[in-house]
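Note that the chains take the letters A, B, C and D in the order they are written out, and that residue 1 is the start of every chain.
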Amino acid sequence: MTGQDDSTIIVMRRDATAANIDHIVERLRDIGAEAHVSQGQLRTVIGAVGDRAVIQQLPWEAFPGVERVVPILKPYRFVSRDFQAADSVVDVGGVPVGGGALVVIAGPCAVESRDQLFATATAVQQAGARILRGDAFKPRTSPYAFQGLGEKGLQLLAEAREETGMPFVAEVLDTRDIELVSSYADLIRIGARNMANFTLLAEVGRQPKPVMLKRGFTATIEEWLNAAEYIYKEGNHQVILCERGIRTFEPQTRNTLDISAVPVVKGLSHLPILVDPSHSGGRRALVPSLTRAAVAAGADGVMVDVHPSPETAQVDGGQALHPTEFATLMDEVRAVAKAIGRKA
Amino acid sequence: MTGQDDSTIIVMRRDATAANIDHIVERLRDIGAEAHVSQGQLRTVIGAVGDRAVIQQLPWEAFPGVERVVPILKPYRFVSRDFQAADSVVDVGGVPVGGGALVVIAGPCAVESRDQLFATATAVQQAGARILRGDAFKPRTSPYAFQGLGEKGLQLLAEAREETGMPFVAEVLDTRDIELVSSYADLIRIGARNMANFTLLAEVGRQPKPVMLKRGFTATIEEWLNAAEYIYKEGNHQVILCERGIRTFEPQTRNTLDISAVPVVKGLSHLPILVDPSHSGGRRALVPSLTRAAVAAGADGVMVDVHPSPETAQVDGGQALHPTEFATLMDEVRAVAKAIGRKA
Amino acid sequence: MTGQDDSTIIVMRRDATAANIDHIVERLRDIGAEAHVSQGQLRTVIGAVGDRAVIQQLPWEAFPGVERVVPILKPYRFVSRDFQAADSVVDVGGVPVGGGALVVIAGPCAVESRDQLFATATAVQQAGARILRGDAFKPRTSPYAFQGLGEKGLQLLAEAREETGMPFVAEVLDTRDIELVSSYADLIRIGARNMANFTLLAEVGRQPKPVMLKRGFTATIEEWLNAAEYIYKEGNHQVILCERGIRTFEPQTRNTLDISAVPVVKGLSHLPILVDPSHSGGRRALVPSLTRAAVAAGADGVMVDVHPSPETAQVDGGQALHPTEFATLMDEVRAVAKAIGRKA
Amino acid sequence: MTGQDDSTIIVMRRDATAANIDHIVERLRDIGAEAHVSQGQLRTVIGAVGDRAVIQQLPWEAFPGVERVVPILKPYRFVSRDFQAADSVVDVGGVPVGGGALVVIAGPCAVESRDQLFATATAVQQAGARILRGDAFKPRTSPYAFQGLGEKGLQLLAEAREETGMPFVAEVLDTRDIELVSSYADLIRIGARNMANFTLLAEVGRQPKPVMLKRGFTATIEEWLNAAEYIYKEGNHQVILCERGIRTFEPQTRNTLDISAVPVVKGLSHLPILVDPSHSGGRRALVPSLTRAAVAAGADGVMVDVHPSPETAQVDGGQALHPTEFATLMDEVRAVAKAIGRKA
């Protein structure tokens, strides 16, 4: 086989006929691809070489005699290390994410009031956080739970930015709110539940603010990178990934933090990757351990829930750190970062 | 303890202090709930009895000394058997779903052309399908894949309905398309990827057409019923559930059809439940076996992908049945349905 | 490429050097395999063709420049449809398992007493069961739970066989008990927890009684068939597979019955496959639905827990059917079996 | 409710009758337990207080009218922090595991030859490892793969101990080999596949050497601690836990390292916990990142595969580090350990 864009391996069933094989070879030639047939004792294998976008479009599994199809290249392009070898650095309101330094994002899960927000923002900034978190729109499992303050919450976040100098990240849940959130926030977040909401992804790819894409707790790393591709190909190259745990059979934690995703993503993609230790474990007691692990694993930063009074939190109080606990954690973060040659 | 709305069990840590316990008891009384304290040798347990919506709002895990919280009632209400004991029957353009009869929905995954759609619609109707499927908007994992015909597809579906008399179901992906899809379709589908898109759920709950809610391949049954509650509580009580497989470690199938969901949902909820054997397995060869299993398990119907020429399908051709295969399957469906005392 | 035993695809990293590629090609030639190099724009792919056992032995992932390795053939041989196209039929004390007829195995989870066993055995036989189940050795999650009657239990089972004429199946947990269990039972069962206990598998492959191999709730279908290969290759070809649910994130059921495993295994292997609806769901209320689904899906039989007094059962009482419930279920099984052209 | 050994919550179905409730209350009194009935509007809840071993023995789910059962205490006792608050320290041939210091275990996955073993042992010792790993019996997925050197391998390990002064750990697969392995090794390992092999667990609990219990890739943390209880209750209190990844839907890694297990186990149990970064990820490139994460998370040590020539390794070569890579990793381990106040 000689060099072309891509190759895909089509494995035939044992009982595939010569006509089945010829049919596929012909169809490949129709679309301008080369077909390399290799007949083994038990299986015939067809190597299809040509334009990936064209080859992957056809439903080869539906052709008579086909057992399975093995693509050689990943379905995403622009977010891969093949496309760009050097690490991307994303500018979030003046704070670089990715590259050498480690970034800590902190704040309340949801904005509840000016007092709650300002108390938290001031405290996390003094402890060393660089970006503020706080949501105005909340996707809640139960329809009877608090759903966020809406635009009022965004206004409070903008005031807290004024006060502390920290840029902020906020989630967008619906295509109709993108313009609003984008007009306030420095970094737009796509939450885990919306990771495969392709319409939303494409649209945040067409607005100017950087985007943080959380991994669906359902999603493979490949699907996550595909979702990032949806944003990237629309022209918005400022994409930050954030691992927040996947769903497994283990009930002790809300989700299982997939710490391996950090080195795996670093190998496959040039995008920065953060870790959210608060939403993955879902329990305050686990946050310090998971945060240190994320930093040591090589994540470009962490995002941590902090609340001045977790007992009264309207969302996810069980996982929020007290500001004093957060300050202690920041000392640990700095120590571990330094140990692996990073600055926090 | 005497009768009230609900009870929640708060289990204290072994090292919880008397002050920790008193603090929770006081907080419960503040919100008008009763607290029943039971001190064991190793753990103190507090039974909180009162208004569920109020009790479940507080982040008890965040209170000092709390080990875990065990809610006794499910977080959903209206879709539960507790709320309505009798099976719901949903009217889809004149075809009842739920109750005694078994309904078969069939058609192409995506509408590609008039010829493709009409050939399929005519064939599945003759074989015994009662409702047509066909999508105009497709959520695709890869941003480079076919995304659907849009409104043109809906127009073709309406024409096929005219021609065959079959009502049709189509997916809606975005809040901005609800009005459009609702104006054409007899049944609106929320796909697996959008099961936790709560904004979309609430809005389809405020339009008049019945809604089919597919289970997220990520979702527990409880989360699925919560999502149905989001639709139901907005006033739209015509909700149909559709199981389509969950994500597991098994790579032989695209997803693992959770056949147990059929009897489990029948026990927990009064809503009709269908099964999609095509998207769960993802392979044509598995569809007959899974379809028969769904019917035998007691599902209220199945939804099957059919394509006149799977090899040329632009979406999921690998799982679509040929019309002749579908006709054979319908014979099997009728036989199994009859065996368990249902009419198909 | 010309015909040889097998082929394996070695995909090189983008930054693989010519020396990396040459090194692998050389190593392949050293072991007598052919190497077919295909250079694409982004990846070089090496097709290795030769003796599978030799090629799969080498750790290709450890070679410099290798990204991943894609084997074309499955690692098992004798249990595959490639090796034997016709269905295997296993003789269990005169009762054929596999082939056209459907077999129902029933009895208590554990043998507790003569009365309990005989009452159950008589009842299930009258209802139509052909093989008796009942264990003398129980693997219990908790070290404080009832562990079985041991040899006394096997003696009671043998007496029940005498009384009813039904052969029986019993589990073996330890290599040291094989001879004992084999001397009494007609069918030896390897439980889910021991599916990957390769020493035990090899040894039951060297004794004369047929073996039922339950799927580990951890195991992929490929691993399960590999485990069957362990038994088969030792000379014991009387292997019966039994699906009993896999571990997923869904908490409503003890395990998720993987109903798709029935058609998948039928495609890959010639061995008979049964389903255990009792241990998969773990709840009595689900057993009828799952049993009917298994039969409709095409399983060669089912194995059902029955207990004359579930409330007093020492093991898994929550999932056992009363004998009268079992009799009703047998009527349903016969009806569904007949609907799909099988005799029960 | 007044203080007794334990309490269990029995939640009744909505349609449970007064007779159903009385029946349970009576049965509880029969076994000497107290019953506290709490009638809510939608559910009646029975709190059962008494001897746990007695209460948990009865199959409450099998009683008419029962919806579900919620145990308040964990099923294990001796390995819990409730039983012993202080961390256990296990002595492995003079090397303490647990407590303040961090231990690194390293060596080849399988012993293949004297040269391979000695080269590795010398290298890892010089780099700072304190315990040698190397197996003589290997559980292999494929029956056609290398199964280990048997006693000859143990002899070589003993010689390597003589040479380097490092104690060694080796796996035992079968009850019949315990005496043999125990006579050579300083630490006996129960592999992930045997974590639920209760017979094996009980027997290693009756021999004098300390035991490392790997987590089954199938197992919840609670099941893992139950398995440790099996060993502990037989009198062997020298138990070390080792996390090695769980099975999830993510295919990029062989298993998903459950890093959260480190802080979760530290909260629930007094036993030392190690992490195996080699077998969890299954890929050499991930080992440094996962090792650092494990140390930062607070694990008591790590166990790493090292091979002088991974390309020729007969088992798991794809994940083994070269000795020079291991030496670099040891520098990182020491730096991270120091950052969190531990000595490596």
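One rule holds for everything that comes next: a contact is a pair of C-beta atoms (placed from the backbone, for glycine too) under 8 Å apart; a residue touches a chain by one contact, two chains touch by 3 or more.
Nothing here was measured: the structure is a model prediction, and the numbers come from that model.
Note: the chain lying farthest from subunit A is C, by mean C-alpha position. Its interface matching that of C-D in over half of the contact pairs by residue number, A-B stands out among A-D, B-D or A-B. Distance between subunit A and subunit B, defined via averaged C-alpha coordinates, is recorded as 26 Å. With centres defined as mean CA coordinates, subunit C is found 38 Å away from subunit A.
Averaging C-alpha coordinates per chain places the centre of subunit B 31 Å away from that of subunit C. In subunit C, the residues touching two or more other chains are 247-249, 251. Arrangement of the chains shown, judged by which pairs touch: all-to-all, with no pair of chains left without contact. Note for the complex: subunit A touches subunit D at residues 218, 220-222, 246, 248-253, 256-264, 266-267, 280-281, 285-286, 288-290, 292-298, 332, 335-336, 338-340. Residues of subunit D touching subunit C in their complex: 27, 53, 56-63, 75-76, 139-146, 173-176, 193-194, 196-200, 202, 216-218, 223, 226, 229-230, 233, 247, 283-284, 310-314, 316-318, 320.
Across the complex, subunit D meets subunit B through its residues 1-7, 9, 11, 14, 36, 38-43, 45, 47, 49, 70, 72-73, 81-82, 247-249, 251.
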